[in-house]
Amino acid sequence: MATANSRELIARRAEKEIADGDYVNLGIGMPTLVANYISPEKTVVLQSENGLLGIGPYPTEDEVDPDLINAGKETVTASTGAAYFNSAESFAMIRGGHIDVAILGGMEVSEKGDLANWMIPGKVIKGMGGAMDLVHGAKKIIVIMDHVSKKGEPKIKKTCDLPLTGKGVVDKIITERGLIEVTPQGLVLKEVFEGYTVQDILDATDADLTIDVRE
Amino acid sequence: MKTIYSSAREAVAPIEDGMTLMVGGFGLVGIPEQLILALVEKGVKDLTIISNNCGIDEWGLGLLLKEKQIKKMIASYVGENKEFERQALSGELEVELTPQGTLAEKIRAGGAGIPAFFTPAGVGTQIAEGKEIREFNGKEYVLEESLTADFSLVRALKADTFGNLIYNKTAMNFNPMMAAAGKVTIGEAEEIVEAGELDPACIHTPSIYVQGLLQAEQEKRIERLTTR
Amino acid sequence: MATANSRELIARRAEKEIADGDYVNLGIGMPTLVANYISPEKTVVLQSENGLLGIGPYPTEDEVDPDLINAGKETVTASTGAAYFNSAESFAMIRGGHIDVAILGGMEVSEKGDLANWMIPGKVIKGMGGAMDLVHGAKKIIVIMDHVSKKGEPKIKKTCDLPLTGKGVVDKIITERGLIEVTPQGLVLKEVFEGYTVQDILDATDADLTIDVRE
Amino acid sequence: MKTIYSSAREAVAPIEDGMTLMVGGFGLVGIPEQLILALVEKGVKDLTIISNNCGIDEWGLGLLLKEKQIKKMIASYVGENKEFERQALSGELEVELTPQGTLAEKIRAGGAGIPAFFTPAGVGTQIAEGKEIREFNGKEYVLEESLTADFSLVRALKADTFGNLIYNKTAMNFNPMMAAAGKVTIGEAEEIVEAGELDPACIHTPSIYVQGLLQAEQEKRIERLTTR
């Protein structure tokens, strides 16, 4: 499982996928951390699918408004230039291709870019929330996750075993070990992170990988 | 000039066993607190509830669940509630999970007289099983049908006596679409003001969608207090 | 053709179809006149499909705002408790069955309640505007028109010859001669107005009429 | 922070012959006056224009028509314009008439990623010819596909530097849906204010839909001056 350290590394690398001026949706959990590392040089607007464009920092105790939360139900603030709207408008933004980047967590990703991240059969069903809409809407879908499961099993596989969130939707996968792009020709390993080798990644991946690592 | 109820009990009086209700809110934010409590008190049963979530064990729709008043739940995320889990696994509670954007759009369509629409969400997943899939411009979409309700219960910051509503920040969420999709819509507002006091350019729910109003204080419990 | 007098008579009779608390859409032309006769005892909210709920009186010269018009493009005012919204929301109200009464003009109405009121083949095509949406949305569709055309030909017919605006959509027809209801059993003459007889109406109508006039 | 153009000419520079444009407004109310004038000046041709109306002979989209810059018009009502009549009858201009609510919904769907939806408007009329008809709950509906555009030109009362827009009264009309349905949307605003000056609860078009801004005075010609 990712250490605090590797979570920070993943979040920092994911931040580089965000360009100045982008509108970004960050999923619940590790993706939310990315917000902490957004360069002050960039103007980035964070969308929250419960109806806020322009998530600000967490509030001070005095600023807490119970009616102002993010999609993870945490109390937040609104940034300058923010807008509130209803859930239909929020998903119009998402589904309509207006979000530049969505960064989501993942349980499994297939070599075709299928994503499974919403349920484990036999375990309690919690629901997909906005994930199934997000994977079809944002211009770039980045999955950030541990490279292997808690049991040490590969999470990047030829095909997903878990029920899908979306088919052929992922553009990039970032783990603590490296960065993999999903291309029409299959998965391409583009970056290997400190402390790992190409072989480490091949061993921990259950799908064909083309190696195209720039030094 | 809309009916202004003197109590939540009076407002929910016409709600009967077996009805379909839409209930606004995202998590505990923007839920009509007093109307939910009145439904619990009334003991109305076999409800079909359409709401993004199902409250928590001790608040919101979780209270209806605890009293086994809900027969079927249509929602997108129900992970905050142990009793939900128990009833869903034991088969006591029927559950229809819907992607959040599809849920919002199905409700919006219901209020807007659109019986069905195509959406990409869920294509290639178990959500699309048994539904029509069609390709437009080289991409696949699934046909989803609209939702309406016998009653919609929504929570506003302010209402005017005509029934216009405005919502507070992210407490808006599903409330405006639900207000439009209910055959009867009751707006629970923190404050009811005279017609003319709200800015006509900033109305979130125009009065045409609202049949009755209730002024009520809100507890606004916080699920995840997060501070800097 | 209707005289000023008969137009007033029709408008006054149409007003009686509006109940206290109703939301009403009045079409362009004669239907707009109905607004002049709405009883001060009733609270009636007029919807304008270009995005206004709560049409007020025409403005004084000082009040004129070029950005505030009705669907007929006349400058208007907004009444107390009004709301502005976009065209999609406006037609959501209409299509979604939220308008209690729509009062529209007509060129022809068939005995099945078909309405033709938007084009005459060979003449200039202007477009249907919101009429095709309105006839499917409002809970009660009332057509007000002259009983016969300028050439003296019946406008209420077995079937419409002109291109339809909607099929089986009309609930009531009010002309200067009387009031006719459209029922599953066909057209029923319910009222005969001053100056006309049942026979006058039968002669000027090209469809079967059941006579059910209460005295 | 969005691109703020220093002139309408600069704003329309990337618009090319043969493109599809959405242009906001109902009648002459809420039309982006200076952007239209700049299109005339630029002389761009073979445009497909999606707009509720087509201006009048001497103002608004009527000016583009006069210069024969429009190849195809998608609109709901075009009765205010003699030159339109002439070009439509002579076959110079292709015309696609669409019920107003269907037009609004097709544009809304385009911006919202909904490729098609069912609507009752037009069933049993020539509008539905060649289109799929389907019954839901005993009533017939016609399948309509969404619309998008290369550029959307909208007119706002105020914009902030982020691109949030608010509209004035009934000058809102088609503008918000068009702002969302344009691949590139240019907002012509009477005033551009600093981000933070607009109330986040009263934004009609959130900044995500807007790519560029132009501040410009408006003539606001009145089609039918009616006074008490």
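The first chain written gets the first letter, and so on, giving A, B, C and D; residue counts start at 1 in each chain.
Basically, a contact is a pair of C-beta atoms (placed from the backbone, for glycine too) under 8 Å apart; a residue touches a chain by one contact, two chains touch by 3 or more.
Quick caveat, the model's predicted, so the values are computed rather than measured.
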A-B or B-C - the one linked by more C-beta pairs in contact: A-B
Relative to subunit A, chain with the most remote C-alpha centre: C
Between subunit D and subunit B, distance of the C-alpha-averaged centres to the nearest whole Å: 33
Rounded Å distance between subunit A and subunit D, as computed from the means of their C-alpha atoms: 35
Computed distance of Cα centres, subunit B from subunit A, in Å: 28
Per-residue multi-chain contacts in subunit B, two or more chains: 105, 108, 112-114, 119-120, 167-169, 200-201, 204
For subunit C, residues contacting two or more additional chains: 78, 84-85, 88, 91, 94-95, 136-137
Contact graph of the chains (line, ring, star, complete, other): other
Pairs of chains in contact (touch as defined earlier), listed by label: A-B, A-D, B-C, B-D, C-D
In the complex with subunit D, residue positions of subunit A that touch it: 21, 23, 43, 45, 47, 53-54, 78, 80-85, 88-89, 91-99, 136-137
Interfacial residue positions of subunit D with respect to subunit A in the complex: 1, 108, 110-114, 160-162, 164, 180-181, 195-196, 200-201, 203, 206-209
Complex contact set, residues of subunit A against subunit B: 48-52, 57-61, 64-69, 72-76, 78, 84-88, 90-91, 94-95, 114, 124-133, 136-137, 163-168
Residues on subunit B engaged by subunit D in the complex (per definition of touch): 105, 109, 112-120, 134, 136-137, 139, 141, 145, 166-169, 199-202, 204
Interface residues, subunit B side, partner subunit A - complex: 26-30, 52, 75-80, 85, 88-89, 95, 97, 99-105, 107-108, 119-127, 157, 167-177, 204, 220-228
